[in-house]
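Following are the structures in question.
Across the two complexes that follow, chain A remains constant while its partner is chain B and subsequently chain C.
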Partner chain A sequence: MALPKAKEDATATRLAGLSLPADAGWSRAAREDALARLQAQGVPQRRDEYWRFTNPSAFTAPEVAEAPSRDLPDEIPLGAEADRLTVVFTDGVFDPDASDALEGEGMEIARLAGAPDIHWARDLYGTLEARGQDPVDRPLAALNTAFATDGVLIRVSGKVTRPVSIVYRHRDARSDVLLHHVIRIDADAALTLVEAGPAGARSNIVIEADIAQGGAFHHVRDQGREHDRSATTAGFARLGEAAVYKSFTLSANGALTRNEHVIECLGNGGIAHVAGAAIGDAAAHPFHHDDTVFITHDALDCESRQVFKKVLKNGAVGVFQGKILVREGAQKTDGYQISQSLLLDEDSQFLAKPELEIYADDVACSHGSTTGAIDEEALFYLRSRGVPEGPATDLLVLAFLAEALDEIDDPDIAGVLRDQLSGWLSRHATR
Partner chain B sequence: MTDQTTLRDKAKESVDRETVDAVAQLSGAYKHGWNTEIEMDFAPKGLTEDIVRLISERNEEPEWMLEWRLEAFRRWQTLKEPDWSMLKYAPVDYQEQYYYAKPASMKEKPKSLDDVDPKLLETYAKLGIPLKEQMVLAGVEGAEAAPSEAKDSERKVAVDAVFDSVSVGTTFKKELEKAGVIFCSISEAIREHPELVRKYLGSVVPASDNYFATLNSAVFSDGSFVYIPEGVRCPMELSTYFRINAENTGQFERTLIICDKQAYVSYLEGCTAPMRDTNQLHAAVVEIVALEDAEVKYSTVQNWYPGDENGKGGIYNFVTKRADCRGDRSKVSWTQVETGSALTWKYPSCILRGDDSQGEFYSIAITNNWQQADTGTKMIHLGKRTRSRIVSKGISAGHAQNTYRGLVSMHPKAKDSRNYTQCDSLLIGSTCGAHTVPYIEVKNNSSRVEHEATTSKVDEDQLFYCRQRGMDEEEAVALVVNGFCKEVLQALPMEFAMEAQQLVAISLEGSVG
Partner chain C sequence: MLEIKNLHVKLEEEDKQILKGVDLTVEAGKVHAIMGPNGSGKSTLSYVLSGREGYEVTEGSATLDGTDILALEPEERAAEGLFLAFQYPVEIPGVGNMTFMRTAVNAQRKARGEVELSSADFLKLVRARAQELQIDADMLKRPVNVGFSGGEKKRNEILQMAMLEPKMCILDETDSGLDVDAMKLVASGVNALRDEGRGFLVITHYQRLLDHITPDVVHIMADGRILKTGGPDLALEVEKNGYTDLIAEGA
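After this line comes the complex of A and B, so read on.
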């Protein structure tokens, strides 16, 4: 079907400044396919149902809006709490001086740019992204597959002694970042991956994770504290039998964030948990945060959880679109989804579309969504015990976010993120 | 034997009989699937401006009404059929439908029951409507004036029956007039009360609202009109009975209910259609206006022909229902039991404009065999301290697909408002589907919105318990499902609740084993 004129024009404008990397090598075929997908879909526009609550124009504009970087020496960055194999990208460009040597026990690790013909990655690159295009178009992910300039390729087959940390640094106020990571967890292997920092003024990051039987992939992400940046991410995961996928994202500040997760449980007994905590104050800078999750159950006995919490202040906007799809025959599915938001003032907004689509009868699926202000009774209780209003509010906000943070298995990582949230609350004193 | 034991025996006997009846019902298929061979007066097939003019002419409408229809028709021609629902169906050929069909015997009013086409009478008798009412429904002159058979002490329901395209009669008119209530067909209201119709028609669902509402605005042939004056509590329940009889005929009725300040009305709507191999179109619009302190309770038992067990035939039901709670402290409650239709596309909604106004939506949607339902509600909170409550129970069996789709919107000015939504889905069998698509938009922080949804199968323990007490599997499922629906069934007026309870059992016939 031909695209509407406006969409066709917007797509041509976005593509005008882009070209497939000259040294694409083994990934060229996948990139060409992705470009064809993108051209057939067109770039997202506000009128698209999937972008009902979030305006995608900042992601599709040919020019990057100015977003100055900030130095934040006051905080321990995520990843520094343990010994990790660190890979650094500054404005999307690999920084060899700041990075560790790309080698580690139990895994193969390489960069996407200039990688020799890596057979395992060749079969995966763009594959999960392409699978994730049905039933909903994800043109920004296709754009990423086609034009990604770099990324990290990790295959885990044995025992990993140093977990991997990808650190993003932002310096250039107009940087436009396109990174694409591919993770392959072999049978019974495990990896923890940490991503930290704002990737650039505008960033589009895709992770494809293929987890074989009994494998486990733990992913924790901290999107930094910058105000004006716009970021879109898409995590595509495919789970084999008894595979485990756990992902948590912390977002504080940010003019525009859209984090998508597309997860397929294809083997029996798989476990997929995605969680997120977002906190924003739109008093001085805009804050719009969108979590969009699509989990497909296509095997027996799988468990999925979606836990998303948002704290919104001074006109901040939170969005949650979550879906559990249980295919015919995916019996004994246990699907759970909760999206909650705390509106700290009259101007903030929460927009949600929590969906279930179920074609099997022996399942237990539920979702809940609540929105409201701080519980006045809980606040009154704390104040009656002598806690001043500000700290009492902060305490309740942290308690509200705790359910999402509880999804992080590693207590050290959870501790770092909790400290960051406390710091944020003290800087944005409530009332 | 004491009186008490006699009583208990009697009660037991009646319960036993009900059970026997229910089982007998279970073995039957669609109850209202017969069709009446009746001579009909059709307009030519297809949809053109001339057809719109013809409908308007047959209803003896004033010029402004024709203009309103034509404008809607021209707009409809520029619109595209919506494709966002979860319904999958072959495209409807709008030119293959009849847009106007009227029993031929209605051309001139019959003088007595003897002149009435006996087939028409038979139709109403089969539907269980009493003789006195049959007379009125058959359009016998002077029948309304004859003393009512019903004793004053009995519970009375005034009926407006719509047969294919036209309203064939309204009962209890005189009695309602005494109370100042206007209850008549919309075509009559356009002629007799143009000032009210002009003021309110299209004020809740504008002619440009959506594809099906626009189509309805152009071609609606009849429907009901209700006006409850200020301070009046309508003395009886009002009811409309819709029946599609003729083949390839679309039914496009339009209902307009105006409840003035401090007034109250309870309104019931029932629908049936004969079994046909081809799909038939039904695109209705219902508009409700509730002024200050008014309360409207609107109950529907929708039992259009659902198609056979292979998914052949059945009604395509595309309905736009909306209530405008215009006045402060007004209240509108929608209760629906959707068991029929091959396709259901229906979202009875409330615009909570007045401060402290309330909206309620109670729904049971049952789909079996190849039925598809995409139904739910919209609660638009505009006024301060407005409250809404949504309870939706979806039951899916066979190869059916059942979707709840809803919107709860809290506008920035709707301070201190409240919504509670509960959507539960029950799956019977492994080849059906149950889906939930809620939209939640909260734009102020003093309001609270809660949404919960669950999907599960019929509880094995409950089934086991029933079977162990001697029920067969189908009965046990029907009982468990009735329990699952209890919250909604309780919101229905009593007669409807009984019918609905039986329908729940019948609709699930053949879904087990």
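After this line comes the complex of A and C, so read on.
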């Protein structure tokens, strides 16, 4: 099937500056396959159904739009609340001095770049991404698999004493970051992975997570609070029997963000929870945040939850596209999806497309999407008790976001993120 | 303490006059009760005094210890010492009751230039006051009024009042929806705060609350005005004969 001319040209333009890493070694075959996928799909364009609400051109332009970095020394970064094995990438480049030694109890950990042929990683690299290309094209993820320059490979088989933290630092106003992490959780093993910071001026980060029977993967991400950067992420997960996948993302600020999750529940009794809190003020800088989720139930008794909350102000735009697909035979599926936005003024916008597609008859699936303003009754009640309008509004905003933050199991991590949100609110006084 | 003169109020959105010249003075140390038929404007008066949006004062004034409260924001009125126990307390999902009360207490202290209460001092205080009102620890932890029974909401209002120690307390039908025991608790909560520096305006439909909180003065409100003012026996008269005769007499 030939691509339309415009798409073919855009794809060629994007690919012109890229080449497969010379030392790709064991990953070369997967990268070549991914490149072929990308060439067949073409880069995403505004007219594509899957990009109806978000303009992908910043992701596909050959040039990176300038995005200055900011020094923000005032906050406790996510990850610092516990002893973690820290891996640092500055503008997508591994920083050995800032990173801990890549070794930890209960796991194998290595960098993607220059990694020796590790058979489990070879089997996994690009595999879940490729599975996630059906039924929806995800060309940016294919592009990532083909051209990723580095990343972290983690296999967890025993008890992990130090959870892993990936820290991103951004210095170069034109950096273009392509990182690809591969996580494998063996049976009954567990890992918490924290990602924090702005990855670069433009970034494209993929995580593939394969979770075996009884395994658990907890993922918490804080995308930093830089303004002009554009970021796209895709988390591909495959869950075995009774496996657990829980992912939470905090996004404050950011000109353009597209976070995708593609999750397959393939073993009975799996649990997949994805949640996010996004907050943006487009008064001085653009803010467009898109969460796109696709969860497939293909086994008995699996539970999935999607909880996404967005607070939008001064013309900020929020997007949610969430789908639950229940395949034939996936009985007793429990699927829940809620996406809500709080618009702090009339200029902001929330666009939502919740979808259910169900081919089994004994399931409980629900979805809801709401857009609302601050509850004036509640605001008056708070003010009548002496809480000034600004702090009262902030309390109500935090209350709105609380349901998403409640999805985080670790109270210390949730506390750090709550503090960051409070800080953000106090810097963006509402009225 | 609270001085309301010739207060006229209409709805902002429609051309509907609700208060048509209310005159009322509550002295420090006194308890005034307002009774009156449904729709006579009692809640409207309490909302206008506390600064709720949607009303327009077309004439008259209201001052608290000489300060023109109608010119102030709701939070400023609260800091001046005005408190309204709502007829329908508002549920606020996601905001913990305790967080809410600590924020309110400290916001008022800050506005008055007083030092804020430490978490420990606040906790000690709130526990003691909650116990007096038989409010358990669980209710303090839950989101504000969410899932509270009608009676629990009203007790929570009185707890807030006890924590904020306002000088002018307006209670809008705090007795409605309360069983006998809860009403006694609420009444003793109010009586505990009775003090020569504090005024109360108690809106109620029933004598039974006034059996426990003995008023100094009773007002009858009808059609946006104070129709009649008297002593505690005026409430007994209402209880016995209803409003019809009083209104006919006043007309």
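Keep in mind that, in the parts below, the second predicted complex is superposed on the first by the 431 of 431 C-alpha atoms of A that agree within 3 Å, B and C clash if a C-alpha of one lies under 4 Å from a C-alpha of the other, contacts with A are read in each partner's own complex, and residues count from 1 in each chain.
We take it that contacts are C-beta pairs under 8 Å (C-beta built on N, C-alpha and C of every residue); 3 or more make two chains touch, one makes a residue touch a chain.
Worth saying up front: this structure is predicted, and the values here are computed from it rather than measured.
Q: If you stack the two complexes on chain A, which partner ends up touching A:402: first (chain B), second (chain C), both, or neither?
A: second
Q: Answer with first, second, both or neither: which of chain B and chain C does A:364 touch in the superposed model?
A: The first partner, chain B, only.
Q: Could you look at A:383 and tell me whether it touches chain B, chain C, both or neither (first, second, both, neither)?
A: In the superposed model, A:383 contacts chain C only, not chain B.
Q: Contact-wise, after the overlay, does A:113 reach chain B, chain C, both or neither (first, second, both, neither)?
A: After superposing on A, A:113 lies clear of both chain B and chain C.
Q: Name the chain, either chain B or chain C, that contacts more residues of chain A.
A: Touched residues of chain A are more numerous for B.
Q: Taking the superposition on A as described, I'd like to know which of chain B and chain C A:15 touches: first, second, both or neither.
A: Neither partner.
Q: Quick check on the superposed pair: does A:354 touch chain B, chain C, both, or neither? Answer first, second, both or neither.
A: A:354 contacts chain B only, not chain C.
Q: So, A:345: does it touch chain B (first), chain C (second), both, or neither?
A: first
Q: Which parts of chain A are touched by chain B and by chain C alike?
A: Touching chain B and chain C on chain A: no residues.
Q: Per the contact definition, I'd like the list of chain A residues that touch chain C in the complex.
A: 375-378, 380-389, 391-392, 395-396, 398-400, 402-403
Q: Tell me, which parts of chain B touch chain A in their complex?
A: Of all residues in chain B, those touching chain A are 84, 86, 412, 415, 425, 427-457.
Q: Where on chain C is chain A touching in the complex?
A: 50-53, 73-75, 77-79, 83-84, 86, 89-95, 99-100, 103-105, 107-108, 111, 143-144, 160, 164
Q: Okay, in this complex, where on chain A does chain B touch?
A: Checking each residue of chain A against chain B gives 49, 328-329, 331, 341, 343-373.
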